[in-house]
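Shared between the two complexes below is subunit A, which has subunit B as its partner in the first and subunit C in the second.
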Partner chain A sequence: MESASEADWRARLAAFSKSDFVRSFPFWFVPFSVMALGVYGGIGYNTLISLTDYEGFNQGPDFTQLDFEMYVQAMNDPWVWTTGKNTFVLLIVFTTVTMLLGLFLAIMLDRGIRFKEQIQTIYLLPMALSFVVTAQFWLWMYNVNNGLVNTLLGVVGLGPFNWIGNPDLVLGAVIFALIWQFSGYAMIVFLAGLQSLPDDQFEAAQVDGASILKTYWRVIIPQLKSSSVSAAVVLMIFALKAFTFLFSMFGQYRVPKATDILATLMVREAFKLQNWAYAAAIATILLLMALAVIAPYLHYQHKQGSL
Partner chain B sequence: MAKATQSQDESFADILPELDYWKIGLSLIITIFFAFFIAPIWTGLVTSLKTSQAVTLTTPFVPPGPEGFTTGNWARAYQNLATGFVNSLIMTVPSTIVSVFLGSTAAYGLTLVDWGDRAQFTVLILFLIGIFIPYQAVLVPLSDFWINIFPLVEILAPVWELSFMQREHARLLSLTITHVVYGIPLCMLLFRGYYLTLSDELVEAAKIDGASIATIYRRIVLPLSKPMIGVVFIYQFTAIWNEFLFSLTLIGSSSSPAATVTLVLSGLGADLSGIDYGLRMAGALFAALPTLIIYALFAEQFAKGLASDA
Partner chain C sequence: MEALHGWTGGDGAAAVSKLVEMFEEQHPDVEHDIKPIGGDANENLNATVARRLANRNPPDAFASWPGKTMEQYGGRLRSIDDVWEENDYTETIHPKAREASRLNDAYRSIPLGSHRLNNLFYNVSVLEEAGVDPESLTSYDAYIDALDAVQSETDAIPMTMTTRGSWAPLQYFVQFMLGTEGQDAYEAWLDGEGDRAALVRSLEKTKNVIENYTNEDKSSISFPEANDKLIAGNAAFFTMGNWAYGMYRNADDFEYEEDWGWVAFPGTEDMYVWHLDNFLFPRDGNAPRKAEVFAEFIGTKDVQVEFNNLKGSIPLRTDVDGSRLTDFLNLNVEDLNNLEQFPPTLAHGLAATADELSACKDAIASNFMGPYEPEATADGLMQVF
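Moving on, here comes the complex of A and B:
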């Protein structure tokens, strides 16, 4: 005899197996689990490795003794602080200038100029190129004897400067090249923001007698907050993980000290020096820095209701 | 411009010079930045067509004269990079297709199907963090995974005995799978943004008609996704083709038979006597060809992908 509660339970199971949750399961769970294994499994395993003393070739980490020795070592390593400082300078200068230039270009293109589409395509072109490719272009641009930068400066009687060889100049040179590559991106984000604003605001401000500059400063730019936040987050995250451009420009793991950032230090410690555990610890530091940018951003987006 | 709408007769002479300065200034700025963005690429292009003598003797952005012109750099770049180019294609096309497909199904399961707001939100947040994390945070585990835990090179060793490919090509497969895994979150986000704009009505109507979740996806959502599939495909193809860090760490050496084009390019034309810039520039442009062609054809979609990713 089937009891009433059992029948109820069966009915529920039948309903559950026909529910949207179960039916949609294959759609999101396959990609989700693959991604979660790669991202969160990876992060977890990385943290575990960072607690070991794993180094050298291929014998695999030994998990019997776990401690925070690698983190202590990293905190006491002056090189980590140097790269940390460089990371910070790169992040601040690159993000700020790229945003300002992107905003400026977006406003220029939004002024109703001719051939807007074509111009936008050219401004955005660097974003379609690999960092490996653009690093080659800029290496040539910065060449001491024959590079275009020194040729142009020579016209006004400056230089030649050793952009790559001089430790005082090289970080600035790298940041400039990265600004070249990314300002088109910032421009596109701001343009999308500008185009979502109603046209009449601008005209209303103009009728009130505000100058164009004032109109932008007081009326338009404050409304671009959400675009600015998104662009800033993407740019800052990029600055934290920027490795490819630096590696490709100098053609080796060892980049000049003035441009060495945590991202390049981490890859070098792991794949050139086989200090796996130490590299994993640096990677954790880098991850925490990235989370310090992402978490407030997601919170902000959630509060705005735009998630 | 707002001022141009004023009646013509009263202050035409006052406005005209002002408008002109604006326009001239604007055009000038636009042109300067045009030159700024194109200069490194243009300089690379003309340099790639110069003999090594002309590279050092002529102004960098001036095209070569008849005696300084050569296609030799391009021929050598082709010789050096052709294998890497093919490897990159073999790796990029399947990983793009699979990550675009999985991104689309994930977005469908998270937007157009309702199975609990809280749980869906949590899954969404986990996906979003997956977009932003620095890959450095998973590099050591990743390399350990493909070498010690799941050594594809060893597992597939018997396969390579039979075919024309070499053991090293298993690394290309590892790289392809890796790109799928880390490409899914962004693809999901791009599709999600699009699915949120689709009207519920079609899906709701189909549900009332008794269509299953799978049928709705196949018959309604997938056909409606066509324009977005284009955007995501272009974006993802460009991203994977251009990628370098995974290639470097999973394949390792630019002399490996499985090396991708970006990996080979990073060391091209360098020896003890310095860098051969003509060859470097030709190689850089050759490696960028697929993305340049795609960009020239679909610049609009590329821009759309970038803008909605923010």
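Moving on, here comes the complex of A and C:
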């Protein structure tokens, strides 16, 4: 009786050790654990720091007294609200407009317009450039006296506008520059999605008498869901990385108030003032905000079965 | 021996490579890694230093501003009293610089050079065309008259400036405050006994100049780009720390007194607005002995002369032979040794701790970078100290 169950147990162990899980273990475990430590370990440690009172150079973080004091302080800090609002506007406007523009361009290209390859290259090229280059380049473009933007607007009798100096315009100017840089990326993602759809669907829609507009609206765009999820996620990550763009544009962590985002505030608190715990709390707020923005969309896509 | 500094651009880089060359010549046996961390106004340097101090992996020395800025590093710096005493630096370095180099009853840093803040640089030919005598610019009213004359008589911008970062309007405001309200009012504010009305008056004057007499593109250009306008003859006046002087020396056919000139910022003739670049010495470095050799080296006459001649700053040894310096620097050395009022710079960290400076910049960024609101800005600035 006992030897039978032992044999059974041995057989199971032998089967387990030959299973795909165990045999593939050395291959996926190392990269997985490095990734988990880097990403989730980082998030976890950051959250832990944000619960301490860690600041300055003289003492390390004290993990015996954890509380939400830093978050209370953040909620009462007007700069957190200002920068949070700017971050939110940047996330929403940049991601939405870039996706719409990318979709429009992809459909144009998919219709087989002339100079297709050239247009594709022209739109994609900005993405290959570093923020350091594009930020300086747009700073020149936006110069109130001799920038190209005002020169062009002057031709149609508008302006000149003080794009960088006017607090009402500067956030829009930064968002526009980011859209310019990333609409090509959205275009490529949507174009790949479009080209994977069989031509039959266009033909069937045509036979049914649907207009081109209606074909896209009813038949094609609904099938681009997985493309739009991946585009949205990547674009939001780029929006969070706007820190690099702003830093390159203004040469310092303190950017004009109207473009100040949570990421710049976080870096100032951490590396200029050594308020490590407070900066960690801001980082957590930023993470939650990004998740909150994208969560409803991911949930919807999940229900639709495209995730 | 690892020393970090932030001098990567133009003159700074040339001055540092001279310094490294001299160090290797004089101390061939000391291995060193003197390396730049680039970026505007020490921004990346300070971030790197903060990260390394927090991670208990300090460099042996790093460049920073002494005075109140140094306070944040408090417990992490070592004493280099021995270096100061053995080399008589306690006698030969300017008393003001000695005071600023100390923290918690010990010397924890050593000065390399000083930049003067209260400068008014001008383009000689633009002023001639406008009929302005620079020697007459001894008050705010006289200065406004001169700006008006430039505006009506020439096509040049009366005063070229940058407002890309909040440090610049802060510095302009301090210049106008020192020029019109005096050192006592300024220091009373820093001591927490400021007169709000004096701040409002100074901010009103700053606003008047910024809004009426400056280049439109000030918010998108850096200070070198602003200074280029003066060099090109498109602007009459420019105020900046005398690091701006390095650009004039590098410009072709742009000579002191022929093409450009200098007066103290109007109303500050009796002051030397004070800035220092120091090397600070962290404790628990890898090479404490070699760091002392480096500290001693920084204070030597030759280094102070050679480095500052290239950097455009002013040596802090009181016993240097003036003829070894350029004319313009020598003029500043005389002021440094003879003037009695040394208000410390705010925007460059001598007068305020890192937290206070950040709060001042918050106030400027909120209400004094367009639109300009003197009352609200004064409220913000009054709360800082």
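Just so it is clear, the second predicted complex is superposed on the first by the 257 of 307 C-alpha atoms of A that agree within 3 Å, B and C clash if a C-alpha of one lies under 4 Å from a C-alpha of the other, contacts with A are read in each partner's own complex, and residues count from 1 in each chain.
In this section, a residue touches a chain if its C-beta (ideal position, glycine included) is under 8 Å from a C-beta of that chain, and two chains touch if they have at least 3 such contacts.
This one's a predicted model, so the numbers in the text were calculated from it and none came from an experiment.
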Superposition on subunit A - do subunit B and subunit C clash or fit: clash
Residue contacts on subunit A - larger count, subunit B or subunit C: B
First (subunit B), second (subunit C), both or neither touched by A:Leu139: both
First (subunit B), second (subunit C), both or neither touched by A:Ala280: first
Touching partner for A:Ala14 - first (subunit B), second (subunit C), both, neither: neither
Which of subunit B and subunit C A:Phe271 touches, first, second, both or neither: both
Which of subunit B and subunit C A:Leu66 touches, first, second, both or neither: neither
Touched partner set for A:Leu100, first subunit B, second subunit C, both or neither: neither
Which superposed partner A:Trp79 touches (first subunit B, second subunit C, both, neither): second
Touching partner for A:Leu158 - first (subunit B), second (subunit C), both, neither: neither
Partner chain in contact with A:Gly251 - subunit B first, subunit C second, else both or neither: both
Set intersection of subunit A contacts, subunit C complex versus subunit B complex: 58, 139, 143, 145-147, 251, 267, 270-271, 276
List of subunit A residues in touch with subunit C within their complex: 56-58, 79, 139, 142-147, 160, 162-167, 250-254, 256-257, 260, 267-268, 270-274, 276
Complex contacts: residues of subunit C adjacent to subunit A: 39-41, 43, 46-47, 50-51, 53-54, 72-76, 163-166, 215-222, 354-355, 358, 361-362, 365-366, 369-371
Sites on subunit A touched by subunit B in the complex: 19-21, 23-32, 34-43, 45-46, 49, 58, 60-61, 105, 108-109, 111-113, 117, 119-134, 136-141, 143, 145-148, 151, 180, 184-185, 188-189, 191-192, 202-203, 206-207, 227, 230-231, 233-234, 237, 240-241, 243-244, 247-248, 251, 263, 266-267, 270-271, 276, 279-280, 282-284, 286-287, 290-291, 293-294, 298, 307
Of subunit B, residues touching subunit A in the complex: 1-3, 26-27, 29-30, 33-34, 36-41, 43-44, 47, 55-56, 59-61, 102-103, 105-106, 108-110, 113-116, 121, 123-130, 132-145, 147-148, 178, 180-182, 184-185, 188, 212-214, 217, 238, 241-245, 248-249, 252, 262, 265-267, 270, 275, 277, 280-281, 283-285, 287-288, 291-292, 294-295, 299-300, 302-303, 306-307, 309-310
